[in-house]
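These are the structures, in structure tokens.
Each of the next two complexes has chain A plus one more chain, namely chain B in the first and chain C in the second.
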Partner chain A sequence: MDQLLQHLLNGLLLGATYSLLGIGLTLVFGLMNVVNFAHGEFYTLGAYAAFAALTLASVGFFLAIPLAIAAGALAGAVCERCLLRPLRGQSIDTVMLVMIGVWIAMQNAELLGWGGVAKSVPTPFPTQPVVLGPASVAPLRIFVFVVSGALILGAHLLLARTKLGRAMRATFQDRETAALMGVSIERIHTVTFAFGAGLAAAAGALLGPVFLLYPSMGDLASLKAFSVVILGGLGNFAGAALGGLVLGVAEELGAGYVSSGYRDAVGFLVIVAVLLLRPSGLFARAERVG
Partner chain B sequence: MKRAIRALTIALGAVLAVSSGPVRAQEAVKIGVIQPLSGPVAASGNYIRMGAEIARDWINAKGGVLGRKVELLIEDNKSDPKEAATAAEKLIVRDKVPVIVGAWGSSMTLAAMPKLEEYGVPMVVETSSAATITKRGNPWIFRISPPSEMEALGLEKYLKDFGIKQADFLAVNTDWGRGAVGAFGDVLKRSGASVGAVEFMDQAATDMNAQITKVKAGTADTLFLTTSVEQITLVLKQAQEQRLARKVITTGGSSAPSQLIKQAGAAAEGTYHILFFLPWFPEAMPDGKLARAFVDEWAKRGHPFDGLTEGFRGHDGVLTAVEGVRIAGKPDPKAVREALWQVSVMGVNGPIKFEKDGPAGKESGQSKPSIFIVQVKDGKIALPAFAAKK
Partner chain C sequence: MNGILLTIALAVIATAPAWVWNPYHLHTLIMAGIFAVLALSLNLLLGYTGQLSLGHAAFFGIGAYATGLLTVKLEWSPWLGLLAAIVLPAAAGFVIGRLALKLRGAYFVLLTISFAGCVSLVSVNWMELTNGPLGIPGLPPVEIPLPGLPTLSLRAKSAYYYLVLAAVAVSYLVCLGLIRSRVGRALVALRENETLASSVGIDSTHYLVLAAVISAAMAGFGGGLYAHYTRFVSPEVFLFSYTVTMVIMVVAGGKGTLAGPIVGAVLFTVLPEALRALTSWQWQMLLYGALLVAVLFFMPEGIVPALRAAGPAVRRRGRPS
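On to the complex of A and B.
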């Protein structure tokens, strides 16, 4: 029983990190229809940007995170403006190949710039765990959990309640009509991609200190982000948030009670089951066909 | 005038002939190196490259081998077994190297091995620990790193000092990790201790909380940890978060304790590490002078101190391969393989000399490396009292 509590707590914390990884991707993939293979690289960029701000520019920990988000959003905007805009109207496969190129180029640039040795990010949080009955948790992870929740909620509100969010949704539903309504289509494309990249960078800046920084850290992040998006349904924020939690808890319990060697397999089994039973995601609303 | 021009032409021709002759004879002896220079274990592979370059420069400063310079052809296996096989093929077919040093991880080495047999080129294995590498009957393999069995036997004499009654295992889910669990488990059972939980983690995994919770539920007193330094860092930090109270022993020699102290902080305190090089105490090595020279050269080149526990393998690997070429008298793969059996050199780790291992008639070479144990004490590396005695 004590063990189950700790497992559930672990799964919840892990799941929150997956949710955070998933929301940026669900925006770009679901709304813009860009299969963003470089998602994990914006995550890596955010982590290294926070590290650079902390150790090279020696700003505080809590300032380093927004700086990293800004760096990620800026890189996303540049990427959209220089690579995706010229490809507007091209098939999804062409865009996908370009994003694979961005992924490889960014990852190797990180390796060139920072070297292969893992780096750890210093944080102001104590390393002594907070004890909750039989379970315990590091203070840093509680902070990450709370900030992740706030970011997910904020992103959701921005998309659902603001004028900008409405313009985004309109643009990707029907660009001609949106343009006729006075929406600046090109600007919305850039802003949306930058938003997605900024969310990935936020995940990197928050999770970098929890784990370690190394140039290929984005690969695992991308894999989990895609899993979460598939689980939650494309473009669905609540779906991504809950999908992340489901994946985290499933992996945790799979490792705890089935076999730790098959930990990732358990996660993918859940995805296969969802694809079989609810192909448009666990939390997709019923859609009108035709 | 005509005659003068002809004389000049002949003189020029003679000069050209003389100057181009020695150039051909001076073509360098190529040594292939396969290491993970990118991917999750890129740090280790790059340290080994640095060590290999030191060996190359030292050998060349002393006149090279067979009167020729040594040149390293370094291929990246991207921490991926498939890429390791491709890299081996590239070095053999395109570059025609007479001998290879590689390929760090056991899974990578195992993937490259069929290519060695196919083309008949020997490989000096500098890091891999899985037993199967020398047991498969691949006569082109010459290993200078200890297989997990040898490492476990090296630990056996200290088991009483550790006072282990029951031990859990947490290992990376590769040939190396699974091999280590078997080898150390056998030695423990022989000494009367029991094996508790056996847990695995993916090579790229960053969250090991599930495994730690499971381990914590048991009653063992010791945790054997077999994986890369990055994952060891994460496991120690996450074990601290969950208040796991265990004696931790890392195996495989890749744990870079100095880096652990920096990155895991207090979570690394008290942990034990099995190593094959002691850069903190070079004089305690079998050849103290060589070890000291290597540590000094490493520092002179501005390489990070933490990399030394990996870097020496690159040095010893290249040293062994070049010695094989020297004894063979020509950079020919078959001749080098025969010659490797006669190699007897002093590496940074200690004496290197191959004995036969594996099925009769197709034996691989295996040397007997030196094995050491250190402990993190008060944020510093120390020799445990019992190890210093023996």
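On to the complex of A and C.
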């Protein structure tokens, strides 16, 4: 029983970062109709940016995270401006192939820049776990959980409550009408993609210190993000947030009770099962199907 | 004119082992041939049905493991192993095709990635069967028993070259036959407008699954050839970079053409080897990514269609007459 509680707690802590990864991807898909296979690379970029800020520029840990988010958002904006804008109106498949190209190029640029040796990020948190009743947890994981939750909430508020969020939703519902109302369409596209990339970079900067940094870390992150997005239904914000928690818990239980070698298979199986049985996602309302 | 050029080209290809004396260059040509089989296989799906499979390394790997396990553990003949490298991936292609081809576009892509991921994890974790990350060494070389004569071993690179060349020719002819048949016309009709094609009675699932099965069989055959060439199989055969390389060869060469994947395969095996002296492997993959983007921007149809459009002399589909 205690073991189960520990697995559930670990799952939730891990799941929150999956949610953060997932909402960035689902926003870009739902709003822009771009299948962003380079999402995991923005995650990697965020992790390495935080590492660089900490070790090369020796800024503090708490400043490194916002810097990493800014780096990710900037890279996203450049990518949108240079690659996606010229392809506006092209088929979704062409854009998907271009993003696959970006993924390969970014990953190998990271391999060139940082080398293949895994790096660990120093943190100011004590390694002594905090005991919560029958379960225990590292202080760093609590910090990651809290910041992830805050970022998800912030993203939700930005979309739902601010003028920018309204302009984003309006643009992708009806471009022309939004343009007539004075929304700068091209800018909204760039901002949305940068927003998604920034969220991925945030997840990277937060999870980097928990695990290790290596250039292909983004592949697994992309996979988790896609699993989460498919669980929640493509383009469904709340679905992705919930889907992350579900995937995190499912993985922990799978690794704990089945086999840790197959931990990452849970994500694959989730994709296969959901796509085949309930392709609009677990949390879709009836009218969203299609 | 075209016929003469093609005859010269074929003669050069057929006599390559005689004048390519550097074994490393011959190795590059053999790999180009294996990748030509793989690219033709992927092209059948991506070019003719319009569905992008990012799990093709799975069929390649299943083919390699099929013959590896059967020839090493059960000591089957390599020819039976190669046959199994066609049949087992085809069976996997049927199952995956039936499941995945209910979906289109990004959903199909994700399902194929997940399938390849699962298979790769099994190859690493099922120690009893696959020997895990250590792999299976010591695959037997392919041999041709000649009646009354000593057995002809294809262990030498120059001999294996001809086996691979024959495989490319067979794969090309299979694709050609398929494309020119009723099946090929049905696939193109489905790619161009599925609703319209269905309305005139083309059963989309039937034809798409058929394409997936043939494509998987060819990719598996490529895997079998690769396994008997390197004579070692490890989870490395499931690497995503194999799939990426296939995609780039098909997209850059010209998807939906038969010459395109072969041109792409030769170009993208020979070019990196030629560049190897100048650049490291990471640079190569970086360039691959950048090149994929560049091709989509400036030559969205690929090299072969662009050449056909550029020179009217090349446009005629030349065959030796």
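Methods note: the second predicted complex is superposed on the first by the 265 of 290 C-alpha atoms of A that agree within 3 Å, B and C clash if a C-alpha of one lies under 4 Å from a C-alpha of the other, contacts with A are read in each partner's own complex, and residues count from 1 in each chain.
The criterion applied here is as follows: a contact is a pair of C-beta atoms (placed from the backbone, for glycine too) under 8 Å apart; a residue touches a chain by one contact, two chains touch by 3 or more.
Just so we're clear, the structure is a prediction, and the values are computed from it rather than from any experiment.
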Touching partner for A:Ala170 - first (chain B), second (chain C), both, neither: neither
First (chain B), second (chain C), both or neither touched by A:Pro86: second
First (chain B), second (chain C), both or neither touched by A:Val59: neither
Contacts of A:Asp219 with chain B and chain C, given as first, second, both or neither: both
Partner chain in contact with A:Gly261 - chain B first, chain C second, else both or neither: both
Which superposed partner A:Ile271 touches (first chain B, second chain C, both, neither): second
Touching partner for A:Asn108 - first (chain B), second (chain C), both, neither: both
Residues of chain A contacting chain B in one complex and chain C in the other: 108, 111, 219, 259, 261, 264
Chain B to chain A touching residues, read off their complex: 37-40, 42-43, 45-46, 79, 173, 199-202, 204-207, 209-211, 213-214, 216-217, 229-230, 233-234, 237, 240-243, 259, 262-267, 304, 306-307
Touch list for chain C against partner chain A, complex: 50, 52, 54, 99, 102-103, 105-107, 109-111, 113-115, 117-118, 121, 124-125, 240, 244, 247, 251, 280, 282-283, 285-286, 288-293, 296-297, 300
Chain A to chain B touching residues, read off their complex: 2-3, 6-7, 10-11, 13-14, 17, 108, 111, 115-120, 127, 129, 131, 136-138, 141, 211-212, 214-217, 219-220, 251-253, 255-256, 259-261, 263-264
Partner chain C, residues of chain A touching it in the complex: 29, 35, 83, 86-87, 92-94, 96-98, 100-109, 111-112, 219, 223, 226, 230, 234, 259, 261-262, 264-265, 267-269, 271-272, 275-276, 279
